[in-house]
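Below are two complexes that have subunit A in common, paired first with subunit B and then with subunit C.
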Partner chain A sequence: MTTQELSGPATFSTVEASRSNLWKDALARLAANRLAVVGIIPIILLFFIAIFGPYLTPYDFLAQDFTARLAPPSSVHWLGTDELGRDVFSRILYGARTAVSVGVISTVISLVVGIIMGSLAGYLGGRVDMMVVWLTDVTRSMPALLLAIVINLTLKVPLEAWLEQMYLQTKNTFFRQTMWVDLVLVFGALALIQWPGYARLIRGQILSIRSRNYVLAARALGMPTNRILTRYVIPNAMGPLIVAVSAGLGGAMVLESAFSFLGVGVQLPIPSWGKMISDGLRLWQTHSYLLVGPAAMMAIITVSFAWLGDGLNDALNPRQWKE
Partner chain B sequence: MSELLEVQDLQTRFKVRKGYVYAVNGVSFRLEEGETLAVVGESGCGKSVTMLSLVRLLPPAGRIESGQVLLRGDDLLALDQRQLRDVRGGQVGMIFQDPMTSLNPFINIGTQMAEPLLYHRGMSKKDALARSAELLEMVGIPDGVARLREYPHQFSGGMRQRVMIAMAMSCEPSVLIADEPTTALDVTIQAQIVELVKELRDRSGVAVIWITHDLSVVAGIADRVIVMYAGYIVEEAPVDAIFEDPRHPYTVGLLGALPSLGGETGTRLTTIGGAPPDLAELPTFCPFHTRCPFVIDRCRSENPMLEPVSGASDRGHRAACWVDIRGVTEQTGGTVATEQ
Partner chain C sequence: MGKYVAQRIVYWIPALILLALAVYAMAFYGAGDPIKLMFLREEGDVTYDAQRLDAIRREKGLDRPFLVQFGEYTWHLLQGDLGMSVISGRSVNDMVGATAPVSFQIGIATVFLVAIFGIPLGIIAGLHHNEWLDNLILGSALFISGVPSYVVGPMLMVFLVLGLGVMNVPYGWDGLFSTKAILPLFVMVFGSIAIIIRQTRSGMLEVLSEDYVRTARAKGVPEFMVIIRHMLRPVLTPVLTVLGQMLIGIVNGAIIVEKVFGIPGLGRLTIDFTYGVDYPVIVAITLIGAFLVMALNLLVDITYPLLDPRAAQAMTGVEE
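This part shows the complex of A and B:
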């Protein structure tokens, strides 16, 4: 992102010149949207840190410096250290990995489930539609956090017991790692909470697009159903979906933090921003810097995703393009 | 001329909350190769539903209850989905009422126009785009190659309708069904579209079914006219006979409602009083009797069949009316065509 792309008139002419391909056009329009560009920067940084974070951190996330417990921010520990003498800055960078993997994976799972269920409901209608709508209503009627707690409490112990048994039977060390049980449960809970939203969105989109004239015209031209779905229905449903996904990614990260905060999310030693906030909260009166770092990251990322989603919506909608 | 399309006893009804709506009630007609047939009638008389039924494009609530649609001998109502797709766009092209929403806003014109060519003709993408550019110029959009890269929102309504026509004609269909293609356009553009379709028809020899409620368009384009009312064909005649010798009171009413340049000034247009009947059940009476100035007792108890009229100039002139309305004075009792 250069400053040239941020300046209005210059980008406008590039939009005019390169109107050959929808995605290229959309990208140019996105680049012309200042808020979206401002939103993209932290998101790109976040993904970069999530991937390369462990190579960038000054300290290991577990490394303890007992001589400098609860040290305030300094040139040695940029954001200070926590109760156990671990470097807060390093842990925030590692936390990005947790946030991104939880956000992306749970969103992908809920998207896949949501798109399949929503498309079936919207396209087939009738009984299938009623079933899907009923399922989404039931799921959505339960408070998200309560659902996550129930899942965690009911599934975690049996799952770990099952893994233990598998290990005893097979002696495969794979079953010894219990760390990912937490991750699976968190992904599962997040996906369960989020899929009804996507399903309802897709269903509504398909119901509305299915009856549009261009779909009738495409059918009148003999286009097969799968081609109509992929070229006419889905692209037209994408705008709202991309916005929802963009907001959903941020939402999933916040939810994950909330789970960790309540102790039903990712367990230590993997750092999670929510867990860090929760730990920091006990000492906020004396050591508020423990809280500021992770909380600020959460806030920045959430806002960035919202701005990006808005920008994407405008960029992907050709009807809103200025002449 | 040989027979291209024969529709026999087509019946279509829609399932609604309480029972059914009988939209098309035993419609039969024929279309010769290269002929232009106009279908006229007011909104809700079953014109569009009839045409959508031909290629089975009805909305989910609609069902074809009976009938045959023979296109060169093949019954379209008996084809499987695959064969049906080959007919749609391949042998039967369609254009619709509202060009503003008939194009996919997310795909540029070229990609969109290439679709049927890729699919029906198996052309390469490059050939399909070249052909699309030719088609655009054929329908009067200059600089076709450059315009292929543009999106629908960059085209005006009239141009979009030209694009729709080009797409419908791209695979050289034998029938072009035009469902009120000029209704949403302004008058000068309407005339251009009518001229365009006439020109394409004369050049390619395509048969045209032109649905409209505008009789002034009919006079300029059609060979034969079908008048529909309440899901029935009430009159069928060569275009001249419809204007000079109408035999169904509804046709007379429609013609009376036409504004004319030679008419008196300062008077209001004639309208047909009343509204079409509710089609929640099949009528056991003439569906037009409540609005008919020529009504007799028989109209209230029996629904007339479409039968050849006596003393007609053409053997194909048929009407569904108990009364020979030539020389009959208007009866009292029915709702008389009123001046409003």
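This part shows the complex of A and C:
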């Protein structure tokens, strides 16, 4: 009796422990990876600045100080001012907003599309699978920047015309803001570039997990499909997906800035680091601080994402646990 | 084998047609009226005589249905004619012909340099798995792969020209073997070398535990010969598969680098004409870019089983 009472809760707790071990282990591995820990700090800061930026900036990102145009860094303007007398430091902080919002939203869009297409391909197989794989191959063989340029070049004018028409029809001032066109085009281009990666990942995960012995065993024991999904398939697919999302988020921010750098991104007045870098490039010989500020920020964030991504990969990729 | 090659060709040809169709359709319906653009360019913001516009449109065959025009464009494309630039009125062939050699030189030099530096670094990292040398190489590769080229290029200019003063302003292009080419090439190599290092390193880690490597070492083959004779081929074959990925990186990088350093290549052409909505040029360059990547993918798909007999069986069967 007593032994039963003791062994009951004991086995129960070991089951619980082994259940949470996957994530606990992963977290411990991540915390042990110095580069990943160093990388996670700027990223947390970035999200913090993106959310609370307007309360932190010393100046408004549009506020012009004509008495101090192109002023070098000083105690008044920490990173100097640009051609229009706008505070560079404030603009960099606001740029975090652009980077994070574009990164997060486009990642969510491409993730949703990728999960739907990938699961369709993985579950249905056959023709559907072939079509999805082919489509991802076609999209992936398009250089991202060329794609963004083509999309921006060809779809901007008709979209703006359509917005204008909607405004004339509905008199809703919402349709007057042409900023939406830029945002839609940038999100569209980013989603188009990034969905194939997620779709292929999900497809591969489904194909490999559903033929594993433990899933076959569960099925043979008569476990219902949705329970197999929540118990085995989703937790096992989660690790690689988290790694991919972390990399994708960083990648989306880099691409957004690259678009802005080339003049096909989100247009002013919202500051974007890429746009600031390309503006700074015109005056770099005389006013290099215009360039160095946003470029250094971009470098810190991208390297942080690379380090964090690598740490996550080590922490969550079960293949490497054996080593 | 023949069947497999045919399969791969059938796989990529419709992809190219779909891409051409999509890009052409976007330009056709979205880029605006080319005749109006031409007038805007030549005569400023004048009021157009509708009849005159129609006459020119008919004369140039631009009033015909979409599919007819696309068919004609494709037909010309197959004969190597990329059409006329709307803005400059020059043939796109000439414009591409003048700029492509520069971009191709940069691209080929980048691949060459990446191979020369990346593969040995990957091998060294693999041989010293988990030692400080491995950590150093892998850490730097990770660092390098993170920083985008539009950050590296400008930062290097500021550092080398303004900070150290060891270099003149590297703007323009004097050929591949001039001092002006050093920084652009460095930035390009910087952008693509990490892929190769990591691929080579992981290949080395797999090969190191193979029996034939242990055998070769046990019978006293010098370490250098073991690497050359027994490891290099199985390690380098998978590197082929990342070539397509690398080419995409090179095309993207070239667009950025050519803007930063004012190099008159294909990428520069793309950016210059973005602002002018010169869509025949953009469509042509986009198709060239996509064609290169797809052709390379096809080439890799076909040659891979030849180089790696183990993969031949797997690859002719199911993909992935």
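Definition applied: the second predicted complex is superposed on the first by the 282 of 323 C-alpha atoms of A that agree within 3 Å, B and C clash if a C-alpha of one lies under 4 Å from a C-alpha of the other, contacts with A are read in each partner's own complex, and residues count from 1 in each chain.
Everything that follows uses one rule, which is that a contact is a pair of C-beta atoms (placed from the backbone, for glycine too) under 8 Å apart; a residue touches a chain by one contact, two chains touch by 3 or more.
Note that this is a predicted model, so its numbers are computed, not measured.
A.B. asks: Which partner does A:212 contact after superposing on A: first (subunit B), second (subunit C), both, neither?
C.D. replies: first
A.B. asks: Tell me the contact category for A:142 with respect to subunit B and subunit C: first, second, both or neither.
C.D. replies: Touch partner of A:142: subunit C, not subunit B.
A.B. asks: Once the structures are superposed on A, label A:277 by its partner contacts, choosing first (subunit B), second (subunit C), both or neither.
C.D. replies: second
A.B. asks: If you count the residues of subunit A that each partner touches, which comes out higher, subunit B or subunit C?
C.D. replies: C
A.B. asks: Have a look at where A:263 lands relative to subunit B and subunit C in the superposition and call it first, second, both or neither.
C.D. replies: So A:263 only meets subunit C here.
A.B. asks: Okay, in this complex, where on subunit B does subunit A touch?
C.D. replies: Residue list for subunit B touching subunit A: 55, 57, 59-60, 84-90, 92-94, 96, 98, 101-108, 115-116, 119-120, 149-151, 153-154, 164, 167-168.
A.B. asks: Taking the complex as given, what residues does subunit A use to touch subunit C?
C.D. replies: 35, 133-134, 137-138, 140-147, 149-158, 200, 204, 207, 250, 254, 257-258, 261-264, 274, 277-278, 280-281, 284-285, 288, 291-292, 295-296, 298-299, 302-307, 310
A.B. asks: Report the residues of subunit A in contact with subunit B in the complex, numbered from low to high.
C.D. replies: Listed in rising order, the residues of subunit A that touch subunit B are 19-20, 22, 125, 211-214, 216-224, 227, 231-232, 235-236, 318-319, 321, 323.
A.B. asks: Help me check something: in the complex, which residues belonging to subunit C touch subunit A?
C.D. replies: 11, 14-15, 18-19, 23, 26-27, 29-32, 139, 142-143, 145-148, 150-151, 154-155, 157-158, 161-162, 169, 244, 248, 251-252, 255-256, 259-260, 270-271, 274-275, 277, 279, 282-283, 285-286, 289-290, 293-294, 297, 319-320
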